Structure formats: C-alpha cells, structure tokens
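In this document, chain identifiers A, B and C correspond to the written order of the chains, with residue numbering beginning at 1 in each.
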Amino acid sequence: MKRETPPPSPRSSAGSVSRQPGRWQLDRIVAELRTSREETHSIRRDGEARRAPSRDALEAILDGLTEALFPRHYGQSDLDGENIDYFVGNTLSAALDSLSAQIHRGALFVGDELEPGFVHEEAIELTRAFATQLPPVRGLLINDLRAAFVGDPAARNFPEILIGYPGMTAIIHHRLAHLLYQIGARLVARLMSEIAHTRTGIDIHPGARIGSGFFIDHGTGVVIGETAIIGNNVRIYQAVTLGARHFPTDDEGHVIKGDARHPIVEDEVVIYAGATILGRITIGRGSTIGGNVWLTKDVPPNSIVTQATARNTPSGA
Amino acid sequence: MKRETPPPSPRSSAGSVSRQPGRWQLDRIVAELRTSREETHSIRRDGEARRAPSRDALEAILDGLTEALFPRHYGQSDLDGENIDYFVGNTLSAALDSLSAQIHRGALFVGDELEPGFVHEEAIELTRAFATQLPPVRGLLINDLRAAFVGDPAARNFPEILIGYPGMTAIIHHRLAHLLYQIGARLVARLMSEIAHTRTGIDIHPGARIGSGFFIDHGTGVVIGETAIIGNNVRIYQAVTLGARHFPTDDEGHVIKGDARHPIVEDEVVIYAGATILGRITIGRGSTIGGNVWLTKDVPPNSIVTQATARNTPSGA
Amino acid sequence: MKRETPPPSPRSSAGSVSRQPGRWQLDRIVAELRTSREETHSIRRDGEARRAPSRDALEAILDGLTEALFPRHYGQSDLDGENIDYFVGNTLSAALDSLSAQIHRGALFVGDELEPGFVHEEAIELTRAFATQLPPVRGLLINDLRAAFVGDPAARNFPEILIGYPGMTAIIHHRLAHLLYQIGARLVARLMSEIAHTRTGIDIHPGARIGSGFFIDHGTGVVIGETAIIGNNVRIYQAVTLGARHFPTDDEGHVIKGDARHPIVEDEVVIYAGATILGRITIGRGSTIGGNVWLTKDVPPNSIVTQATARNTPSGA
C-alpha cells in the first residue's frame, strides 16, 4: 500500500476534508464513463429522454395488488366488514394507476414490443383488461392455498401459509405477472418475476402456464422456464429445475428466441427436491420424480423415477 | 391489442386523466373480490376485527433482538463501555414490547393454538419467559460463531462472520424462533423463520432442535424440517435438505400433522453441498455425507457416503 | 402455560400497561448480556469505541456505484444528454465519500488487515485507486451483458437483463467487490459480496478471479470460492458450486487460511444446473459439465461430463 500523503488542495483549508475539491478526480472519471456509454450506444442519438420501469414502483404495485386480494392478511390493521371494501378500492386504485404508468414506460423503453407510437391511453386500456381478471385470479390462488395446506404436514393454518410461505408469495406474484405477460406487457411482467425471485429464491418466467392447485414447498432454487406447461394439482420441492436442454439456432448461428423448449408436466405430478428436468419432454400424469434426478426424456403416466443409488463406504473406526 | 379509445367519462373534463372516475371499474372489481372473500370464509361471521401478525413488525423485532445480543456489530455507532448497556436495555425494551403485541395477535388470529380467551397479559408472560433465555442463547451463538471460524478457511475474522455470513444470520434467527416455538408462540415463530429464509435462502423450521457449535456454510437452499434433531458440532453446506420422505395419513387419508418424520443427525457430522437426506433416519456420529447424495436409510457412525461416479465422455476434437 | 396474573407494579396505575416498570426484568437481562460479552472479549479492554462497517451504508454505496455506471437504467428518471453527467458525478461523489469512511471503519475494526495505524487519509487513497478503475469495469460489465443476451433464449432486450437478471446484479457487485479485495479492503469487499448473495442467491467470494463475458443464468444457489479462477466466455447455471474439497491444516491441526483450493475453469466452458465441482482441479477449455454432476478430478479440454443415468421404474397402472 502506498503511504505518501497526497498534496494539500489549495482550498482544503476552507472546507471539511470530505468536501475537498479534486479528491476523487471526478471530472476525468465522469468523462470516461460518458465515453464508455457512447461506445455502447446507451445514449439515444436523438437525445430523447426515456425512463426505464422502476423496480421500486413495481415492488409497490405487487404489494398493493396482494393487499387488495388478501386484505385481512396483508392489508392494514383492523379491517372489518364496514371498512374493508374502502381499503380494497383505494389500494387497488393506487396500484392500477402506477401500473399503467410502468407499462407505458416499459413499452417506450424497450421499443421492440407492442406497436410503435404506443401511448399512455393504451397502457390504461391494458391495465383495465388486467384489472378485470383479478377476481378469477384470486379464486385460483385460494386453490393454491388449499393445495399447500393439504400437501405440507407442517402447515397448521392458512394464515401461516398465506403470509409466510415463499411458495405462496411466488405463485401470487406469478399469476399477476403471467396476466401481464399475456396482455403484452412483457418487460413489466419479466421484472415482476425477478422481484418474486429476489423475495423467494423461486424463479418462474412469466410466460410459464401453470394450472390450478399448484404448490411449491420451501422453494429456494426452483427454476421454471418460459415455455413450461404445468397441469393441475402439481407439487414441487426446492431446487427443482424445469429448464431447456438445447438452444435451437437459426441458419446464421443465432439463438432462436421464444421456441418451445421447456417440459410439459401433466396433472397430479410430484417432483422432489433438486430434480433437473430439461427439454420439451412430457412428464406423464400421476408420476413421481425423485430427488436429485437429472431427466431429459419423456416419462409415461404413473412412473416413479429415482436416482442411481448412493454408495456407502463405512470408514471403520 | 385492442386500439379503440374508451368512451369519455362524463366527469373526465373536470379532473386530470389519472383521476378519471370509472377508469378501472373499481366498483365491480371490489364487489367481485368481496364475493370471492365471502366464498372462502375469510370474513368472520361475527364481524370481529382481528389483526394478522405483521411481517414488518417481526422483522424489526428480530433486528432489535440481534442488536441487543451483539451491540458492537449490529447496534448503533460509537458504543463504548459507558453507554452500551443503555443501548442494549432500550433496544431490548422496544423489541419485547412489540413482540408481546405480535404474540397476542398471532394467538387471536389463528385461534387454534394456545387456549381460547388468550389475553394480552398472557402474551406478556410468554414474552417474559422468552426474555430470560436471551443470555444463554447468546452463549450458544458464540459457539456457533467459533464453529464458523474454525470450519471455513476463507473466514479471516469474527466480524466478517457475524455481520456477513448468512449461516450466522440464519442460526441467530433460528435460535430466537425456536425459543418462541417452545413456549407456544408457533405462528410468530414460523413467520420469523420465513423472514430468515427470505434474508438468507436458508429454511429452518422453528421446531428443529439444533445442538451447540452449528455451522452452515454458504447456505442457499438449505432446508431443515420441523422434527429434525441435530447434535453438537455439525457442519452443513449449501442446498442440503433434511426433509420428510413419506407423509403419514390417518384413516380418512388426511395428512397427519406434526409426526416425527425428519432425520436425526448425530454429533460431529459433516454434510456436503446438495445432499438430500429424507425420512426419520439416523446419520451416525462422526459421519461424512458427500455432495449431491440422495439418502433415505440409516447410516452407522463414522460412515463416508458418496454419490455414484460421474461419467466422463471426452468429445475428441 | 402459566396463567396467574403477575403482581401489580407499584407504579402501574400511573402509566399504561405497556410502560409498566419491571415488566421485562431488563436490569437482570442487560447485566447477564454484559457478562456474556465480557466473557467473549467483545468489549475492548482499553474501552476504545470502534465502529463496525455498516451493512446499510455498503448497500447504499453499491446502489450509488451501479447508478453511476448505468444511469439510464438504474438512475433517476428523465436523464438526457444535458443532465446525465451531473447526475453521474454527484452520485459518484457521494458513494466514494461513504466508501472511504467504510474502508476506514473496516480497517480499524478488524485490526488484522492493512497496517497498524491505518488512518482515514489512507482510506481516501485506496478509494481513489478504486475510482479510477470504474470505467474499465464498466467495459467488462458490457461484455457480461452481451454474453447474457447471447446465452439466454428468453432474453429479449438489454434493459430486461440489466435491471432484472440476478446474474447481472451479481457480476456488477462482484466486479466492484473484487476491485476492493485487490486493493486490500477485504472486510468491506467480503461484506459487499454477502449483500450480493442476499439480493441474488449467488455467493461469489470477492477473491475469485473472473474473465470477460461471464454469464450466470437464474443463479440461485451458485457458490464460487475465494481462490477460483474463471476464464473468458464461461456460462454457468443455478446451484453450481466451485468449492473446496480438502481443507489443508498446519502442524497443529489448524485450518490454513487462503490456500489455493478452488477449481480453475478455462475459457468457453459451460456448467449446467446443480453441478458440484470441488478442489484445485482444472476444467479444460471448451468443456461442458452436465447437471447435478459431482466432480473432483481434472477434466481435459473439450470434455463432456454427465451424471450416471437415472432409473425409470414404471409403477404399472
């Protein structure tokens, strides 16, 4: 480590050390960072200011929607029969206003989804379409809640699951993000899915189609890919991957985007911790996939797939 | 995407676009959500307002207790021999006040734990019993800290472990949650364990019994089930599962809650990354379980268990 | 549960129940905690007040540096060609001021890194050395961003990756923490890496050396050890471990700190989900390591390593 004292700044006697001019050579670093941005085209040639969607705003929207769906568990204290609808309406109103603004930002910022000239009025229309689907989404989530209670011997009551379980948080976020993905607000949907990932360790692409009564227990490390299709009453455990095996490329060697490449999991399947299931294969109805299995081929209905046995080498002593 | 402009609202000229009445058809959605709640019985028939425990409050309680236990590392700046006890007492007082309120909420909200008619005075008594155990809990945590220093070649000093290591955060949270679980505040204990899970990726049920000198390295994806029993000086790595294999059901096919169904890990055992250990089996004292092993049978003391060998297929070139 | 009411406090009639004196027997608990701290030497005998680095401050520093590097995606709204440099300079200035203070704290608090008598002026000098490297670090991160776009068929645009992908967040944090590790601010670097771990589920020790064009997809559960060396254009998936196998001990049986003990991964290697690679082995250039493999031996260039096959036992029906 160098030890010599830097030369005193001419103005250092006038101010505190922490305001010393030239301390960080900011001018040079800022200029170099500008050059770096220009080289990578991150400043638009037309100089138009655009705003990326805000992760903070999307977090607040997800929280507001969750409170509106489950006001007794996530909402403010002391809700009763008289005031609960006011809370729900007010919370929903703020969340939807903000959502329409974020959808607008997302469309302008990306520029390659929705049509050119997308305006705020269209974002409002998409948001309205989204809002009308909230009551049926709540119905689906109640089925997910019941599936968790039935599927986990440690679950003693519904509040514990609804407030506490990461699998419940993940499916609430996913069903909202999937709705947005379906109506075309893909950047906002994708960012919401990553908020869920951060909060729960569960990574579900908003494109994944998931049936009724879905339960993820524990959940850390679960990955479910964009084109996965999951039937009804499926239960999966931590660190399960439903991923892609090969990435198809076009004639010029570029990866083709959006191709169907993730598993189809039929009704009533259980997949235990750490199983890695790759490619557009089908796991037949009623099958059980054991822990840590690595699987890349179709499985007929009612199969039981397990990993090759571990060796036990007693060390004596 | 639909493109037609929605019909102008009669009152839209009077306010900004974002306040336009009827924009989200809130009346209809709020009514549908109410119907959905009524169908799922989430509004109590007697109209009594109850409050779910607050996750935010529980996070603040855990932070306050941690600051009181380790004031030089987690607490406010500039604590010295003179002021440190005042900081500890003040922090503890606020945390315990809030904890007793949350225990009260938890008991009322669930309604199926503790006895009927549970009142706030009883929550205070439980909290007092909890508080007296804090000094011995600190002693256990110091042993955990030492186990981390000894067990991790990358650990260079105690502050690094205490402030930085997720395994340390997880065991601090677990030892507090386990105390609450033991005195009967199970919903609060369970929610605290999920806060630890969110913060660290380590999922330990508050019912799990864990001996002295416990160290989890890295930790993401670790799952330790409700009835697991872990001896002294055990070390485990990321993505290890101590889980259940079968879920016993009663005569009517319902899952039996609370049955002993997770592993017993004896003293001085090391379990490497990704091992999945399922069922009420015993891992004998001094054993080593290798990475990615899937294990469902008893292991005698001093065993070394490893996975079947990987294949290496050189691709030529 | 005990049910008797505690004896009324003499002053309880004068205040609310929640302020009741003696409620938590704080005096006794605070004294016991003090004894516990004294036994474990956490109060310095000389009574000197020292301050641990603040995790909150380090989080704000990481956020500020990220905003300065990518102001259009992480920074405030409405940045355009005119105001963007002011935003960058201002954000950078605040982050570097705070960083130098935290480096100073870290050095004093640990006491076993950098030389004795380390003063704030030296922390400023280290911070200045750090700052000059920010533009080249941005260049590396742009290569990482491109690698993510090329490597993930689900990636549709750069903003999605830059704002949303945990692998991108992890590598941004790592390249900053690694710089600090190199200049000797190891405690601050290590704490930053754990902030990244909390935010992404990806655990990269700041000592790890990582080449250009690095992409981690999904990422939850990834662990990369202190002495790992990763070449250019390497892609890894969730739950991959690059860890240590044996911990070398000195003549007295103490673990040797800092020894080279993690894998070397050469250029153009892909490692799929859940692979556990342990020890100072070399994965040769261009190799592919399959999912869930457990690997502890060298692999020649262009190898394809896969796990032993799973068993499929059709259950009839």
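Keep this in mind: contacts are C-beta pairs under 8 Å (C-beta built on N, C-alpha and C of every residue); 3 or more make two chains touch, one makes a residue touch a chain.
To keep track of the chains, here are their UniProt names: A, B, C = serine O-acetyltransferase.
Keep in mind it's a predicted model, so treat the numbers as computed, not measured.
Copies chain A and chain C of the same sequence differ in orientation by 120 degrees, per CA superposition (steps of 5). Two copies of one sequence, chain B and chain C, touch each other mainly through non-matching residues, since under half of the numbers at the interface are common to both. As a whole-number value, the distance joining the C-alpha centres of chain B and chain C reads 21 Å.
Of all residues in chain C, those touching 2 or more other chains are 201, 220-221, 239, 274, 292, 306-308, listed in ascending order.
The part of chain C that touches chain B in the complex is made up of residues 1-3, 5-6, 17-18, 23-37, 40, 42-43, 47-55, 109-110, 112-113, 186-187, 190-191, 193-194, 197-198, 201, 203, 205, 207, 220-221, 223, 225-226, 239, 241, 243-244, 247-248, 255-259, 261, 274, 276, 278, 286, 288, 292-295, 299-308. Here chain A touches chain B in the complex through residues 68-74, 77-81, 84-85, 88-89, 92-93, 96-97, 114-115, 120-122, 124-129, 131-132, 134-135, 138-139, 142, 150-157, 159-160, 163-166, 183-184, 199-201, 218, 220-221, 237-239, 272-274, 290-292, 306-317, going by the rule given at the top.
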